[in-house]
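The structures come next, written out as structure tokens.
Heads up, the next two complexes both have subunit A, just with different partners, subunit B and then subunit C.
Then we have the complex of A and B:
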């Protein structure tokens, strides 16, 4: 081992002993953990959600004709408008045209690939995730059993799934459907106030090469070949929020090409994207306590340096370990490691404790996926937030070196990290987003796990901004400490 | 009393740091008022339309108080804690044995200095903020322009903000007499001011609980004096009763400080 690493190790050990023996360090670390966990739990306790819509979404434009007995419906979807990620267009077998009737459907969505729904939309089978029009779909019935198929070229077919007990009558309605759900849009109603609104969308899809062959003789067709358009009307849901009025469907037919438009949705909460629009970031909310836990971290980081200046221990420290850069490096290592460890405990405990509380308050399946602590997304948020606290501690240490006086350093950091973001938040939307992107608090974005409308910056970019500030401050601290008298 | 006041005045003005911090109270109030006004955009929705409430421009241009109170806190805490590091307090008390008199003199000098600088800052914020708002297109249609400076409600908000900063000074003086250490006192007052305010914003809670927290916390209740639009302020409490809540905290802190000063060894 080289002498420089030995002396760095010795300096780290010395700093560790100093930090450990000071009561305020333990108090600050304990306060960090307590604040983060307490606020995480309170946030989970206070947040409630419930799905207010109908138990089954079943309203869309349906182009159909009766099909007796075992039937196979095939169609090529040559185009689908991207009216919503969960817009749906595909094939359906259905016992009647009333909303809420038993049905089996196979559909293509712009954002979520091929899906198959059965049992009143409570059961969902997933097909190819990256499928996009033009694409082939096929539903074949055999007794009470219905099988869905998908194909990119109409020749090689892949099975999506089989639904054994569909509850379809002997003569079902078979055909094509188009639905497009309401989308939630968010806008700022003022500083700190995000307001959501629902907007109806209209989906559009083009089908051709449509065949519906029955094993039994097809009943005499009315009109040309019996295809007719029906708006399947959504049965009313519980009182309260009602779906936005949607435009009725249209059918435009040239030869064997059907152009269908329609609004509405199919599925049930958690199936087919129902109720999953504009979700809250449940992972980030369990970690929101770091915004207050920050106070203790600032105090710890600043005091690690300024207490040496106040009591003049710094002279002894420099006499024992004359290399000033090494002393600061050792302090940085010790402070960062201590705060990171405490932050990791705080964030992990806060997440694990908040999870069952959130679940009790409605943030659970089917609408919200609850992720375990080892889920990569959760790990990024939890470990990243601990790293955020460690970076804040390093920034505070550096400011402590530069300013040298405890009160001045604490007030400066508090102004930058807490008060300026607060003033921006209460006064102007633009200023709030700007502060969230360009000042050190951007690092708090690392706890986000969902792209939400109100997020100012992405998780890694945010942490990067904070890291850059910390690096500059530490650089200045090293430079100043070397040049100044102790 | 005159001698004590004179002594404390000399102590205050002879420290350059204190001068700069007092200057910061004025500068931050006025500067933040102008800066906040720059970030505002006149609402584009029709007046009186659904979800279209005119912003409370007076409260907005006075929001420098969120920042300026940190400078106030620093000045007031230093007035007291500088006596303890080093322990000049022994000399002070030897020269002026009436301990209550020392406390009163410091309170009068510190608060008066803060009130004077805050008055300048608030006046600057109103004038500068108003000019910027007018330049940004906030004109008088439909009550969207900045209220006239002679409007009694604006005067109440302005005077209230000056008093708010003065009361923060009293609170900080009290905390400094209790805790003696500069950093501890500054930290305690900052936590008392911002802690409940942030908690009420951060933690979701039933409206009833949130309003109770806002009414009882010194910063939310005190700053409600700035609000001209009913229901849009920092707390549901009325403007003057909100300031009275803060005054309660300030008097309690100074009273405790006085008791400790009289009872404790210095």
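Then we have the complex of A and C:
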């Protein structure tokens, strides 16, 4: 071990002995944990959600013909418009064309790959998650059993799954369907006011190479080969829920190529994306207490330095260790490590404690997946948020060195980290996003786990912005401390 | 040059328009207690801060054992310093206050208890420094200076706030440290505090060197040929002696100093004027008087000038 490493380790031990021997350190760390957990729990208690729509979504454009007995339907989906992540286009076997009738379906979605639904949309099987048009799908019926297949080339087929008891009658309706769900949009409508609205979307898909072969041939009902378009009408939901008016489906046929458009959805809450608007970041909300826990961290970081100037122990420190850069480095290490450890405990506890509360308040299955603490996305948010607090502590330490007075440093940091973001929030959405992107509070973005419209910046980019500010402030602190008289 | 000599040469420091230290040069040698004296604002503390690498000189140098303080590795092992006894975090316990200092220089934690015992604070080791009297803080500061068993000790006003017992204790401590061959530099704004402690004094005023001399030589020079006279009839005595050509000044209610006349002539004149007197002896100047003589100019100027000590960057 080199001399300078030994000296740095000694300095770290010395600064640790110094930091832990005053009561304010323990108080600040305890306050950080308490505030983060308390605000996290209050946020979880205060947030309620419930699904108010129909128990089963079953409305779409259906191009079909009767198919008696065991039938195999195959089609190549040559194109699908990306009208929504959960837009659906694929094949279906169905007992009739009324909304809510028993059915089995196999579909491709722009955002979630191949899915198969059965039992009134309450059962879902997943196929290839990365599949995209052009893609082959096949449904084959054997008695009451239906098996779904998928293929990229129409030659090699992979089984998606088998549904044993489908409830289909002897003669079912077989064909293609296109659906595209409503999307919820939110917009900023004034200070602290976000308004959500639902908007209908229209999906569009092109099928060719369509075959529907039955063991017992069925008579053609109408047209040359019996294919016809029906708008399957969504059964009404609970009173007070109003589906958004959508255009009815269309069918354009050129030889054996079918171009179908349609709106609507199929599935049940939690299946096929029903009820999942993606407008809630349930992980980030459990960590919202860091906005308040910040106060204790600022106090700790600032006082670690300014208390030395106030009590003039800084002279003893620089007499005992004339290498001033080493003193600041050691302080940075112990302050960052202490705050990171406390922040990690705070964030992990806040997340784990909030989970059952969120579940009770509707933010749980089936609409919301709850992830465990060890889920990579949750870990990024929890560990990243602890790192965010550690960076705030370092920024505060640096400002403490530069300003040297407790009150001035705390006021400066509060202005930057609390007052300016608040003022921006009530000024305009542009100001809010700009502040969230370009000032040190951008670091709070690390707790995001979903791309939401109100996110000013991505998680890593946000943490990077804060890290850059901290690096510049620490650089200035090192430089100033070395050349100033103590 | 001896290894542990403090050598100050041509040291200068200006704060704004105020010259705090002005081309100061002196040497502090091992084995003696050297007093560093000057009125408040003379530049003592500034000089000590530059010695310890806290303030950067505008010119000149202050070297300890030939090296600048900032070049020392584990400085506590070579130089112990007490700059400001009040500079303690009130919430930190005495033991913790010394522990972090020991950690910085790789000193064992056991050494902390040793020095606490040495300065008589063993029973207060677990108490928070905020509740300490100034005297206790001085002892704590001295404990810090002694942590690394250093060859050089630099103490700024260590007697300040100590009770008579404490003063006796620190005098003994400083003398024994010097007797062990260590270099001991003690500053004070009161010469009398150093009367029985220092062997050598460096006197500064307005940032400049006024004297750099052995205490004995300084006293001899200040005593001059003055005579102390005790009499109950002060006014008559003054009239008679002044008429004989002496310079007379009042020393106390019944005491006068006389210069310009030998003792026999003073006695003869008083007897001739029928002025009774009880004692007649050659004057032995106190260190305080010698110091006042030296610093009179500096002090008089300072009464109208700026107090450099008060002006902090």
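In this section, the second predicted complex is superposed on the first by the 481 of 486 C-alpha atoms of A that agree within 3 Å, B and C clash if a C-alpha of one lies under 4 Å from a C-alpha of the other, contacts with A are read in each partner's own complex, and residues count from 1 in each chain.
Rule of thumb we're sticking to: a contact is a pair of C-beta atoms (placed from the backbone, for glycine too) under 8 Å apart; a residue touches a chain by one contact, two chains touch by 3 or more.
Here the structure is a predicted model, which means the values were calculated and not measured.
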Partners on subunit A (subunit B, subunit C) - clash or fit: fit
Touching partner for A:342 - first (subunit B), second (subunit C), both, neither: neither
Cα-centre angle that subunit B and subunit C span when viewed from subunit A, reported as a multiple of 10 degrees: 50
Contacts of A:422 with subunit B and subunit C, given as first, second, both or neither: first
Partner chain(s) touched by A:292 [first = subunit B, second = subunit C, both, neither]: first
Which superposed partner A:407 touches (first subunit B, second subunit C, both, neither): first
Partner chain in contact with A:46 - subunit B first, subunit C second, else both or neither: first
First, second, both or neither for A:392, with subunit B first and subunit C second: neither
Smallest distance from any CA atom of subunit C to any CA atom of subunit B, in Å, after fitting: 13
Residue ranges of subunit B in contact with subunit A within the complex: 32, 36, 39-41, 51, 53, 55, 60, 63-64, 66-67, 70, 73-74, 77-78, 182-183, 186-187, 190-191, 194-195, 197-199, 201-206
Contact footprint of subunit A on subunit C as seen in their complex: 49, 52-56, 69-70, 72-73, 75-76, 81, 83-84, 86-93, 96-97, 99-101, 103-106, 144, 313
Residue ranges of subunit A touching subunit B (in the complex, touch as defined): 39, 42-43, 46-47, 189-190, 192, 195, 288, 291-292, 295, 299, 303, 406-408, 410-411, 414-415, 418-420, 422-423, 425-428, 430-431
Parts of subunit A lying in touch with subunit C, wherever the complex brings them together: 3, 6-7, 10-11, 13-15, 17-18, 21-24, 307, 311-313, 315-316, 318-323, 483, 485-486
